[in-house]
Each structure stands twice: as C-alpha cells, then as structure tokens.
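The letters A, B and C name the chains in turn, as written, and every chain counts its residues from 1.
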Amino acid sequence: MMLLILLGISLISAIILAFVGDRKFAPEINILGSAVTFLAGLGLAIQVYAQGPIIAGGKFFFVDAFNVYLTVLTSFVSMTTAIFSRRYMRREREHGRIGHKRIRFYHSMFQLFIFAMLLALLTNNVGVLWIAMELATLSTVLLVSLYRTPTAIEAAWKYFILCGVGIAQALFGTVLLYFAAEKVLGEGGEALLWTNLSQVSDKLEPTVLSLAFVFLMVGYGTKVGLVPLHNWLPDAHSEGPTPISAVLSGLLLNIALYALVRCKVLVDGATGTHRAGYIMMGFGLLSILVASFSLLRQKDIKRMFAYSSIEHMGIATFAFGLGGPIATFGALLHMLVHSLTKSSIFFTVGHASQMHSTQEMSRIRGLIKGNPLVGWGLMLGVMAIVGMPPFGVFTSEFLILTATIKDAPLLTPFFLIGLAVAFAALFRRVQPMVSGSAPSSQQSLKAANLPVILHMILVLILGIYMPDFLSKWFHTAVELLK
Amino acid sequence: MNLAAQINSILAALILLTAFGLLVQRRIYGLLHLFAWQGLFLSISTAVVGYTAGAHHLYISSVLTLLLKVLLLPYILYVLIHRLQIHKDVETMLNVPTTMLIGIALVIFSYHLTSPIRELSTLVTRSTLAVALATVMLGLLMMITRRNAVTQIIGFLAMENGLFFAATSATYGMPLVVELGVALDILIAAFIFGIFFFHIRTTFDSLDVEQMNRLKEED
Amino acid sequence: MRIYPFIIEIFQIAIVLILAPIFIGWIRMLKCWFQGRTSAGLFQPLRDIMKLFYKDVVLAENASWIFRFTPYLVFAVTVLAGGIIPILSVDLPLSATADVIALIALFAIARFFIALAGMDIGTAFGGMGSSREMMIASLAEPAMLMAIFTVSLVSKSTSLSQIVQTITHAEFILRPSMAFAILAFILITIAETGRIPVDNPATHLELTMIHEAMILEYSGRHLALIEWAGMMKLFLFTSIGIASFFPWGIAAVDNLFQLPAAIIFMAVKFCIVGIVLVLIELGLAKMRIFRVPEFLGSAFLFASLGMISYFILE
C-alpha cells in the first residue's frame, strides 16, 4: 500500500503537472507531490524498520535495509529540491531564460524522474531495474537541454548518447544474467527477481556472471560517472538547470551505484572470488584521482562540483569494491551524506550564479556580504564535502580510509592524494568566492533557505551522532552485501 | 542442424550483414532501409525461434519488433528526415576499408567473448549469440565513426536490435515485462531524439555533431 | 592405366578453348537484346580472334622479350588452369597437380606478366593500366583466398575436385558461410575479369581503362592470344564458382554416362550466369577508380564474414 502511494504519487503528479502547466500554483503542486512521496517513503521506512524486509506486489517489489534508506533519501532530496526549484525557477522565468511551456515540461519531467528512480530502487526485478534506469536517463535528457543554448544542447546530446550506449551494455549484462539464472531458476519472470537470484547466487555459472559483470560495470558505471566513462557528467551538470544538477548528482548517481552493487552481490556469490570487487576498486580509485586533479583546472562552478561528484562516487565505488564490514558501512554512509551535502551545495551554487548571472568562478565574489545564507551555505557545504569534521562526510571517509589501511594498505597513498588534492582545489576556488566585498554587478535575490539549512543540519547530525535505526539498517545492509 | 536452426543462422548472417551495411552506407534513406530490413530479419528470426522452441511469448515479441522496428521507428525517422530536409545528404566518411576491418575484428572479438556461453548453452540458437554481440559492437562502432546525428541514432537503434537478438538467442527472450518495458523505453527515446534533431538543427544549422565542440576541458 | 580420364581432359580443354569466346558472345548478345540493339551473334568473338591471327604483328622498336613472350605464357597458363578446374567431370588427371590455391597462383603469374608487358614499351597508358591492375589484384587476391578458404573449410579440402565431390554428396544445408562466400566471389570475379563496375571491357576511353590500357600495344596473334586468354579467364572464374558453390551435375569419377548430362547442366548454368552478369552490368555504372578499394573491401568483408560465420554459426 505504502509502495503504491510512493510510486503512484510521483506518477500522478507528473500527469497533473503536465495539465496544470505554468499556473501560479504549479511549483506548490510539485512540492506537495514530493512531500507526500517523502511521507510515504518515511512510512515505508517505519514499516521496514518494524517488520523487516517487505516483498509485495506478487514479488514485484522488494524493500530491504539497503534500498529503504536510499528510498527515503531520494524522496527527501527530491522534496527539498522541489522547494528550492520554486524560487530558483521563478527567477529563471522572470529573467526570461525559459518560457511557459518549458516550465510545464520541467515540472512534469521532474516528477517522472523521481518516479523512475523510486521504481529502480524498489523493484525486485533486475530487468525492470534496467528499464527504470533508462527511463530516469530519458526523463532528464531534455531537462538538461532546457535552456536551449548550444552548449546545453550539446551537453544533453552527449548525455543521451553516452548514457544510451552505456546502458545498452548493461542490458546485455542483464541478458547474460538472465541466461545464467534461467538454468537454475527456470524460464519466466521469476528468474530475474533479485530475491530469488540472491538465494541461488552460488549456483549461477561463474564464467557467465563474470562476463555479465563486465558489461554491467561498464553500463551502470557510465551512469555512476566513473572514469573513464564520465565524459557526459560534467557537461550535463553544468549546462542543465541547477535543481536538475542537484538531483542528478545527489540521486541519480546513487541509484546507478545501487544497481551496480546489487549486481556485484550476485556475481560475488557466483564466482566466490573477489574479482568484481577488484574491478570496482580500480574504477573507483581511478575516478578519485582523475576527478580530483581535474578539479584543479575548472573555471565553471557547476562543472567543478560535477567533478567533485565523480570523485565522491569514486570513493563510494572503491569502498564497495573493498568490501568488508567497515568499508561497506562507510560506503553506505558516504552515499547518504554525499547526496545531502552535494545537493545542498548545488542549491547555493544555483543562487550564487543567479546573483552574478554567470557560472564563471572568477566573476563570483563576496557571497557572504551579498547573501549570508548563500555564502555560508556554500562555505559550510564545501567544508563538509572535502571531509572536514564534524560533518558526516568526514565520518564516512574516515571509515573508508581505515578499511583501506587495513585491507589494501598499498592503495592508501593514492586514496589520500586524491582527497588532499580535492581539498586543496575546492578551497582554493571557494574561499575567494565567499569572502571579500561584493562586486557592484551583484544582484540580490530571495534565496530558498529551507533546503540548505535542512541538509546541512542533517549532515552535521550524521557527523556527530548516528541514529540507532540508521546504524541498524546499515548493519543489516552490510550483512546483505557481504 | 535442423531446418529451423539453419534458417535461424541464415537470418543471423543477414542481420550481421545489415549491421555492416549500416556501418558503410552513406545515404540516409539507404540507412533507413537497411535498418528496417534488419528489424524484419530480427522479427522473423524471433518468430522462428518461438515456433521451434514452443515459446509462444516470443510471437508477441516478434510482432512487437515488427511494429516498432520495421514500421514505426523507420516511419518516424522518415518523417523527421523529410521535415528536416536532409534526405539528399551524403555523409562524408573516413576510410571505409579500415572501418570494415575494425568491424571484422569486432566480430571475432565477440565470438571469442561469447565462446564460454556457447559451450554452456543447450539451445539451438546459442551460436547466434556471437552475432548478437557483434551487432551491438558494430552499432557502437557506427556511433563512433559517424558524425551525423541521425546516423548516430540509427546506430543506437541497431545496437538495441543486437541486444534484442541477444536476448532471443541466449535465452529465448527475456520475460515479457522486461521486453515491454524496453520497447516502451525505445519509444520514448524515439520521441526524444526527434525533438533533439530539431533543437540541434535550429541551434547549429546542421545535424553534424562535429559542430558540437564547445564543451571542452579548459586549460 | 585408365585412358578415358585423359580423353575427358582433352575434351574439357577443347571445350574451354571453344566455349570461352562463345560465352563472351552470349553475354554480348544478351546485352544487345536488353539494350534493344541487334547483336553480332554468338560466334563473333571467335571470329574476331581468328581474324586477329591472320593479321601481322606490329612490334614497338624497344619491345623486349617479355613483351613477346607474355602472350604465349598467359595463354598457356590459362589453358593449364582450364585443365585443372572440374568443369564437366571431377575425373581429371591434371586436377591432382594443383589445388585451388595453386590455381589462383597460376592466374597471378599471368597477371604479373601482363603487367610487366604493359610497362615494357614505356607508354603512359601501359604503366597506368599496370599500376591499376596491380592495385586491384592486391586487394582482390586476399579476398579471393578468404572466399576459397571458406569453401575449403566447409568441404575440408582445397582440391577443387574434392570440393565438388564433397558438396555433391553431402546433404544440402543452408550455410550462411557459403552465402557470404558466393557474394564475395561474385564481386571478385567482376573485379578480376574486368567487368563493369570495376572496368569496362568495351571501351578504350583513355582514363577509365585498366585491362585495355595494358594491352594497348599488342596486335595480331599476340593480341589474339591475350584476348582469348582473357575470355577464358571469365569462363574459368565462372567455372570455379560453379564448382565451389553449385557443383550439382558435374560428372563423378568413372561415370561416362553422366557426361552428356554434365554438358547440358554446364550449358544451362553458364546461360544463367551470363544473364546474371548482364543484369549486374546493366544495372550499374562504372565506378570511379578510387571507389574500387571500397568495392573490393566489401568483397573481403563478405569473404571474412563467410569464414567467421562458418565458425560462429555452423
């Protein structure tokens, strides 16, 4: 029941918003829809917390400790993003960057995107997972090109083509997975259900699954934005409207990683070796290093934070690859805090670039003077994202670092170099932007305060204190992913 | 080899042939026709497999392929091409023989990659899996070597054909839910690229994706 | 020592010598019909050759022995090839001497000398023709070998007689590899024998000539021999194709009674091949020389695909 509300609301909101169009209350409907979705997500979480994993809808849906927290996270961040986008998009329209039709399109697609992500999270069927991932891509492609500038269209085309190609590889991987599963579980839809697969994973043919994993890794890895499959990501993030950058970075990458990890569990079960983990560690470490050094050369603010997302997804992928209870725990936490922090950063970045009518960092100055909340929000957000205590990212990175020192000591220096370079690069850029006096060209605006404050408080809390229910979930999830 | 397997391998060969044809065809209508032929072969092959294996859900997939890949998508593309007035365009292409050689290498690579599966499978269609993977790879190659947005999309769709063929040949088709979902996704994708073509055309005055080079890493 | 294989052998060589010009005549006749012209009849090429034999040879002053020697060599080599390919019967004493690879080498020798002779006089056209011919050859030969290997893989032998026997006796199977090989073979035959769209045998238009450019300096009996060899080449390539892909009807070992049937089968097949060839030639325009690599590239592609699909699909 909760599940139906959860999925249904966003779909219905998408349809309603398509009809409402650019009325005055459209953003409010958007927020309302997301809020109800979030409440349903919470309800589902409580249900799972009380009863344990749920299988529903004729085994079509499956909720366990791993995906339930991502569900809550997804619905929460989409709610706050909806709140943020109300003021953000209003200003964009007032400045004539987008028209009525595109506002309608934006709202409708935003909800469809949330629906696709939630479907990807909640489905039990590995095939449907793929479909939902593709749907999530498709629903955001035209949002990336919303401004219709040449660069925006180029970014969206790149996003469409690269992710399309990538995700096609994932489908081939899924076909191979089904091929292996069919031998054990028999023909039909049952053979693609994750719950069934995970039970018989040790009986699946190892050679086939190894091959399947390579394709799945390339496919979903493209969506996670792992180096060297990351080319679309900085473009899509920098050219799309900021709320979309926030959800792409904060949510979509997570979901793709979720899909990848789900598949890894099956492959590990079948091969009995750690091969899949090594592949993930390689991709992860490469992403950390390449992304952190790329951070140094960025001039566009959203592009820079896009690279930061690649780095953090690299960290999480690396940690999942590392395996072991501490690393996995760290990775799960990292997905959570990165998502919260990064979307909050994008909120402030969006306002900052609106204030200066540019995304060029050299022209953004004096944010704290101009709008204290935006300035401090960005400052604190960046402090959090580079892993300074007492924020949550510090905790998760610390956990992952400890696990690295323990399990793969030789890789520790690379990991640390990546973190250090990212730290330096981000601070070097952000510090002049927030401090100093505001240039005369700066415009004032009404910023959306609530989302930023909410996110930063949550990240702070997670850094200081881990709620019982969350650590219990994480522990269960760690067990599941072992 | 029984007759159905023979027919199936002939169809597989034809699909491979059309994949190569797509790789080197310069004219846009030629591409469209080849793509439609590929869809037709795919559809027939699916029906043949469905008949021999007694897997009746494959008939649905077959009809779905026929409607989507042979009729609807080429029609949409036809209309788009007509509206964009690019039907007389001839693409300039780099070094066709080299592309062909790379294509052949890809086929051999796919064969090598799928050989463990071939040994494991008991289905009559197992040998066509390599062709399916090769079709995917050739679609990929086409997307890399071509510079026209429409051509790239046709490459993308050809890749999808390969995936579909893989599903039929490796497993007698994915579960129906998945196949319907995939078809839906492709349909949505078709509308999206349709919109895209116009955006690209109005913004860049041509469908040559080479012109989209503004987003670069700055140094 | 059985005697009648030798009789068949001699008979077959005679057939090649006589029928090759007639086959060309058939093609020209068909072409005339399709184009609504009056044809010169089946035997016109034969009459042309005879006429050339009565004419004097005009030699350039600086012609070396290569120039004079080449026509005889080319003719001899082609006749030898005609003795190896099973056209009527597989029971040929000569067929044991060379398999299909050696056969291709024989044609290569002929081509090599023609190219040399083309350059021998030192005229511009001769050199141009030779260089073009060698370019085509360098692309066509690998493709030809690939196509032949595919057939050999299927029938597990490189001897044409063996291939014919294996294929006629085995159960008929739809083979994608053979289909690809046929396609490749047709393209190669067109290129090797200088037909449209690669070369146009009916023209002496300066810039498009390939084969004609090389033999431009020949006259009299030399020209007759080379022309005759050229006609036989088309005939023999067709025969190789028939033996490898459609061998049904070729007489088996020790079976004299099949010979009349074999002759009829052969005649029918050649008629059909002629029609197909004419249809191809009428449907296509001669392509620019720069497109020829692409044309032969596709031949190579088909041949390789045939070979690969033998492993993948069969």
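Keep this in mind: a contact is a pair of C-beta atoms (placed from the backbone, for glycine too) under 8 Å apart; a residue touches a chain by one contact, two chains touch by 3 or more.
Note that the structure is a prediction, hence the values are computed from the model and not measured.
Participant: Viewed as a graph of touching chains, is the assembly arranged as a line, ring, star, complete set, or other?
Facilitator: line
Participant: Out of every possible chain pairing, name the one holding the most C-beta contact pairs.
Facilitator: So the chains sharing the most C-beta contacts are A-B.
Participant: If you average the Cα atoms of subunit B and of subunit C to get two centres, how far apart are those centres in Å?
Facilitator: 38
Participant: At what distance in angstrom does the C-alpha mean of subunit C lie from that of subunit A?
Facilitator: Computed from C-alpha means, the inter-chain centre distance equals 66 Å.
Participant: Just how far, in Å, is the C-alpha centre of subunit B from the one of subunit A?
Facilitator: Taking the mean C-alpha position of each chain, the two centres sit 31 Å apart.
Participant: Please output the residue numbers of subunit C that touch at least 2 other chains, ranges allowed.
Facilitator: In subunit C, no residue touches at least two other chains, as defined above.
Participant: Applying the document's contact rule, which stretches of subunit C touch subunit B when the two form their complex?
Facilitator: 173-177, 179-180, 293-294, 297-298, 300-301, 304-305, 308-309, 311-314
Participant: Give the list of subunit B residues in touch with subunit A in this complex.
Facilitator: For subunit B paired with subunit A, touching residues are 55, 113, 116-117, 120-121, 133, 136, 140, 143, 149, 152, 156, 159-160, 163, 166-167, 170-172, 174-178, 181-182, 184-185, 188-189, 192-193, 195-196, 199-200, 203-204, 209, 212-215, 217-219.
Participant: Taking the touch rule as given, give the residues of subunit B at its contact with subunit C in the complex, in rising order.
Facilitator: It is residues 1, 3, 6-7, 9-10, 12-14, 16-17, 20, 24, 96-97, 100, 103-104, 107-108, 111, 127-128, 130-131 of subunit B that touch subunit C.
Participant: Residues of subunit A touching subunit B in their complex?
Facilitator: Going by the criterion above, the answer is residues 125, 127-128, 130-131, 134-135, 138, 141-142, 145, 148-151, 153-158, 160-161, 164-165, 168-169, 171-172, 174-176, 178-179, 182-183, 187-189, 191-192, 205, 207-208, 211, 235, 238-239, 294, 297-299.
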